[in-house]
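Shared chain: chain A. Partners: chain B in the first complex, chain C in the second.
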Partner chain A sequence: MALQTKRYINWRNSCSCSMTGVWEAVAFAEGAVLIFHSPRACAHVARTMELYSHYRTLGDLRPETLRPIPVLSTQLTEKHTIFGGGEQLAACLRYAAAKYEPRCIAVANSCVSGVIGDDVEAVGAELEEELGLPVLTVNCYGFLNTEYHDGYYAMTRELIRRFFKKQPKEKGTVLLLGDCGGPWGLYASEVRRLLQALGLKVIGQFPGYMAVDEMARAARAEAAVILGGRGALYEGLRKIARQLEQDYEVKALGAFYPVDLQQTRQWLLSVAGFFGKEEEGRRLIAAEEEKLQSALNGFLPVTKGQKVLLCLGRQLDYFDPATTLELVELLRLDLLGVVLLDAYEPKERQEVLAKVQAVTDAPIYDTAAAEKLCEKVRLVLTTHELQYPVPQLFLPMIPEVGYSGTLRLLGAIYRRLCSRKERGGLTYV
Partner chain B sequence: MSEKVSWSGSCQRPDTCALTGAAAFAAGIAGAKILVNGPLWCYFYVLRYLERSEYHMAQRMQNSQPDGTAIVYGTEKCLTAALQRLQKSGGPAELLFVENSCSVSLIGDDTEGIVGSLDLDCPFVTMDCGGLSGGFAEGWSKAAVRTLSKLSSPAPTLCEKSGRPRLNLLGLTDFYFNGAADREEIVRLLELAGYEVNCVLGASSVGQLRSIASADLNVVCHEELGLEAARYLKKRYGLPYICPGLPYGCRGSVAWLEKIHAALPCAHLERVRAEAKEREERLVVWSNEMSSLWGELWFDKALVAAPGTTAHCVAQALRCEWADVGDLAMLPRQDIEHAFCDCADRWHKSGEEAALSKESGSVDEGQSLLILGSSDERMEAKRAGHSDAAFCNIAYPVSDEVLLIKEPFMGLKGSAHMQQRLWNAYIERTLAKSERAEEIFCKNLR
Partner chain C sequence: MKKIAIYGKGGIGKSTTAANISAALSQQGLKVCQIGCDPKNDSTRLLLGHLCRRTVLDTVREGKEVTLADVVHSGYNGIKCVEAGGPEPGVGCAGRGIIVALEKLTELQALDEEDVLIYDVLGDVVCGGFAVPIREGYATDIYIVTSGELMSLYAANNIAKGVRRFALRGKVRLGGLIGNSRNMPNEKELLEAFARRLNTRLASFIPRAAVVNRAENLRQTVLQYAPDDPQAEIYRRLAARLLSNEELTVPTPLDFEELEDLVIKYGAAD
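Now for the complex of A and B:
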């Protein structure tokens, strides 16, 4: 019987909604207010994302140091689909301006406003003049030929256009560009830790986590470090970084993605090199790798030679098998094979197959053969929850970065292999 | 077209959309499969919600994933392909439920015709029910009426009579927090009293839905979910209905049953009264014991935030049976027609501006606060500086608690369970406060 997963989400057309991307771009930007030009219920998606993020942050024992901005909805109903939602949007904008006295109002458009053809930009321009404050609109309408990241990038560009100003540079300063779980998330925390170890100062994380009033001074940073580094998502951030470099002379540091040891080294050396701190960079790498090796020495007696399986069903934009294979090698695990789950469309499957074959000689299987393999292994490293009673480790959606990230993953695999439970189950890192 | 709307806090409510509510109704029908004719993102968030109550939901749900072009030229192609995938997965369906998201509902596709042309071997229901229709309750309620109108015949299908008075329960769902356990307790109480439960609208088979008109009385449970269906069944079959609220607390459960008994007498009400008396006596003795160690179960202020009927009935039981409360405010997620709570100090309308912020903002330092709500209210309260409040989840979303043992909140068993949870929340809060007091004391000594 073919191996089943809890769910497959085959991605045929649009995957996501641009509204939540717009929200993410301003979510904690003090001074802003966001309006969802949508039915009220659409807001629950952003609310759900916020809720999960809040409790994940608490679970990681990290303080949530910023507060989310006010979010309103124009509360479109069926009658607005006949008469249009422009007046409703205008009324909501007036309310937001009077109630919150914000520095700007951002508008995220739903697919409903797109279908009914509201001219959101015209309403925004009119109200901007009337209210005397920036009303930021984007040409994205829910999922209509746009994705989450389109909304995110469009609003980011708009924030830069409206609020960034050329600044004299402050020596040794860095602006973090992107999201990846926010400033209290593991990604940004690790990047900040490594930059601070080089003697650099992070002046903020943009967009999403920088107050509107701070944006005018954001370009004082000498360099911008991109958070994230793969596929179309990364390309959008790179374009924004290039824009910052061209228009505001903030050097874009994004050639490497610190997502495994090799790339973390390259990333650190490139950042250190830009700031003339090559020697500090080399010392930091040596110190971090010594710590890592010390931890590995503790793990290896348990992990060496243990049979594992890798199950992949995630798009390459979000996942690089080489990163996981590095962990397999570091822990000297015995990789019995790689299973390609039934989550891919045919073309996508070919691309993943080629990518996997380029980085490992391990045999590649489909789901029909996978169940028998599961019986032979101690652990499955997987991108999807398998409905099979074998111990599994879920490979995180937001990659673990830097030395701390690698160590967390290695530790999670080690602990899973220490476990004597035979009932299976999934470990989230 | 602009109108007087309560804008503030419109997005600070944890309610989901009608698409989710409608899917939850269909998911409560045994063997039903669901197809969301809308974007993947909307489908995914519906699925994530339903998976809180049913782990294998993904096996019964598919998605058509229309793109921008389909929104212009119609969704027939992607809808047909998705239906074919759904038919192939996991055995035959008892019922196929196809729901259009809000943007798809605007383009005027003949979904009924498209699905009908596929020569399916099961009954099907199609409907528009995106966020334009409202929240979870509106979607659930609309789906219930739509499904009943499709499945029920002009003449009621009658079942063999057992001789006991026969009831339908309208508006119970396993997709409310702890819903399955509550449903089982309600059915247990009714059967103990001598009723036969004919059909639970929201957790039944297609066969039970078809014979829904053979009951003597409809009992509306969660009013925001079941009232429209009761009205529909009254109009179509002349079936009477009552809205007794929900049975929280020992006395509350007996009072609830007495209302039903008044409309349709049962043979063994005394059995329930006897069990209630015995359980209440135990709870009093046990509460006395806890009070001797931890002090009285007293809160200066309590907030109850939950779906409409739950909020009313929990608030009533909280103040009249479970705890002593100085000031009680109620924040129902939906406005309901009947008032089931006569002891709250304040009752906020569902769309009222920033009600939670106002309420939690009015708690003075040193006052004890209890919040009966969801993880969402807890997040808000924490952000407002009320980390030391006592919390007890009674509604989704719940991210900060696991309930692995199926024990109800409603009914006689539920009364003990809720008292247990309230006491534990109170003790946890007291311990946290005492640790802080100890820290301050030691600091002052130094």
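Now for the complex of A and C:
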């Protein structure tokens, strides 16, 4: 069967809308209402995202316990593009205040209001006075010079500025900072599990999942643990953590993340160290690794010596090849080679190559070689869907976190190798 | 139908000149419509005898169905007067307003039966909206009002750039410059030289005259207020010229240094 080669498109500058980021920063902040100062159609972005997060939580089999806040749109029309959207925003703020009696109203601006130059800040200040209610505005307008995460960070900073208060610390408490799939997601769940195992108390996840009224007490946490990953995407989160440290004496923990075994170890030791629980930390690591080893002992009879191929095309901002190569090592798989897909630009390809060669001697190939190689292996671990009739395991976008995450991925590879006589198909983890 | 647009720097005399041209053409028995494309709304004031009471965008703001009678007002000598309207200074987007207003007029088929349409457009073509009368085939003959002052010439040159861009792919052409005197030395010579450099001609050189202001104080054109005044004759000749002008060109704008040199040359020749 002739197969056409699929070209991989790589979007360097993601064109995203800052409104959705603003929304994410308050999405489950009980007591808040969000206004999209936008044409009605823009609100569909939020609808779609909400649906995704719904499926995600369904997929994770975690019950949702928080309720999303109301989201309104000012429904800007042609008329407002000419005469300005300020009055419409004011009317919408009044409506929201009367209907929901919220503790605060957040405003996310669309491209339209940016292009016509609505003075959103002034309207916000005026209505704040009139309604006797915090109106939070940010200087981001749709995708005009801003991305999704700009909106997220801008609104987060605004929430801190408005609601956080410096206060005495409560011993052994931690604030989770960031999103990574929400409190029900695997990331936050695993971090919470490990922190609790150390005898620490998680007082909440900020922003996005903390009620407005609770924010005033958020700074009682001794430390903030950043839920994040590599790359520029999370630089904003680290900045916010530094701000919390400076202004509210909430110690920032999270120079690195528990995203593979070695880093999980380090991470646990540093968190335990900060709270003076070194001994508990070491005991926890030993216990967790014993559990992992006993699971591995069950996997190895199937996985050992199985031929696999690794296909990489994901940006380093989102992905570290070493994490996957560690799994290959743990399962004693026979790595036939590493294919660097066309998705990389020359400079990034060099960086990926260096990272891969630092941890494995396996030969490196180009996309062109992938099809032939696929015929020779039992399983392909890949960051991109390949069109060849070979069993593939799609490496997850959100890094696998801690021991549970690693175990989950190991288990998925193991199960995929258990099934026989397979022709192809893609497994998502 | 003749479709003319008058451009030029703010305050240079576009509306005054346009209203006098409209008045002159109507006196010749032509059906004329003047359309103000400036959020100031004062283009047709001298024809109506008052500020336009209802602009096209007023009706958009009210959100009502627009009818012809709402937005087409009858002025001096039966001239149809339309103002696009626009937002208060500092809010919204006047450029978008021009686009919408002109679309509305097209929808209404408001202007299908006229002999002459005159668009009076805010001069500094600050954004795409103000280029629409050139761009979308609303007007085909563009005239630029300018004095001999550098900034006025600068604006004129920029407008010529806009005309050139759209002329290269459509029917729009530069009809000429309309000199509106600021009583500078060698002003007419300077404007003639500037016109040559732009590959166009000076369609008229209008003297600065007190009668214009006296008429304006009574909210009238010179044509109405003092039809026998020499100034009225100048506007009549200009109007006739606009009607018969066949020398429509693709302009060749200057760069800023060339423009400066030109002004210095004629200023220094004083």
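Points to keep in mind about this one:
We adopt the following convention: the second predicted complex is superposed on the first by the 402 of 429 C-alpha atoms of A that agree within 3 Å, B and C clash if a C-alpha of one lies under 4 Å from a C-alpha of the other, contacts with A are read in each partner's own complex, and residues count from 1 in each chain.
By definition in this document, contacts are C-beta pairs under 8 Å (C-beta built on N, C-alpha and C of every residue); 3 or more make two chains touch, one makes a residue touch a chain.
Here the structure is a predicted model, which is why all the values come from computation and not from measurement.
By the touch criterion defined above, A:79 reaches both chain B and chain C. In the superposed model, A:71 lies in contact with chain B only, and not with chain C. When both complexes are overlaid on chain A, the residue A:116 reaches chain B and chain C alike.
When the two complexes are overlaid, the chain among chain B and chain C that reaches more residues of chain A is B. Within the superposed three-chain model, A:428 lies out of touch with both chain B and chain C [touch as defined at top]. In the superposition on chain A, contact is made by A:48 with chain B only, not with chain C. Residues common to the contacts of chain A with chain B and with chain C across the two structures: 78-81, 83-85, 115-116.
Residues of chain A touching chain C in their complex: 78-86, 115-119. Listing the residues of chain B that touch chain A in their complex gives 1-3, 5, 7-8, 10-19, 39-42, 44-45, 47-48, 55, 58, 65-68, 70-71, 78, 102-103, 106-107, 130-135, 375-376, 379, 383, 397, 399-400. The part of chain A that touches chain B in the complex is made up of residues 6-9, 11-17, 20, 36, 38-48, 50-52, 54-55, 64, 67, 70-73, 75-81, 83-85, 87-88, 90-92, 95-96, 99, 110-112, 114-116, 142-145, 148. Against chain A, in their complex, chain C makes its touches with residues 57, 60-61, 63, 86-88, 91-94, 96-97, 100.
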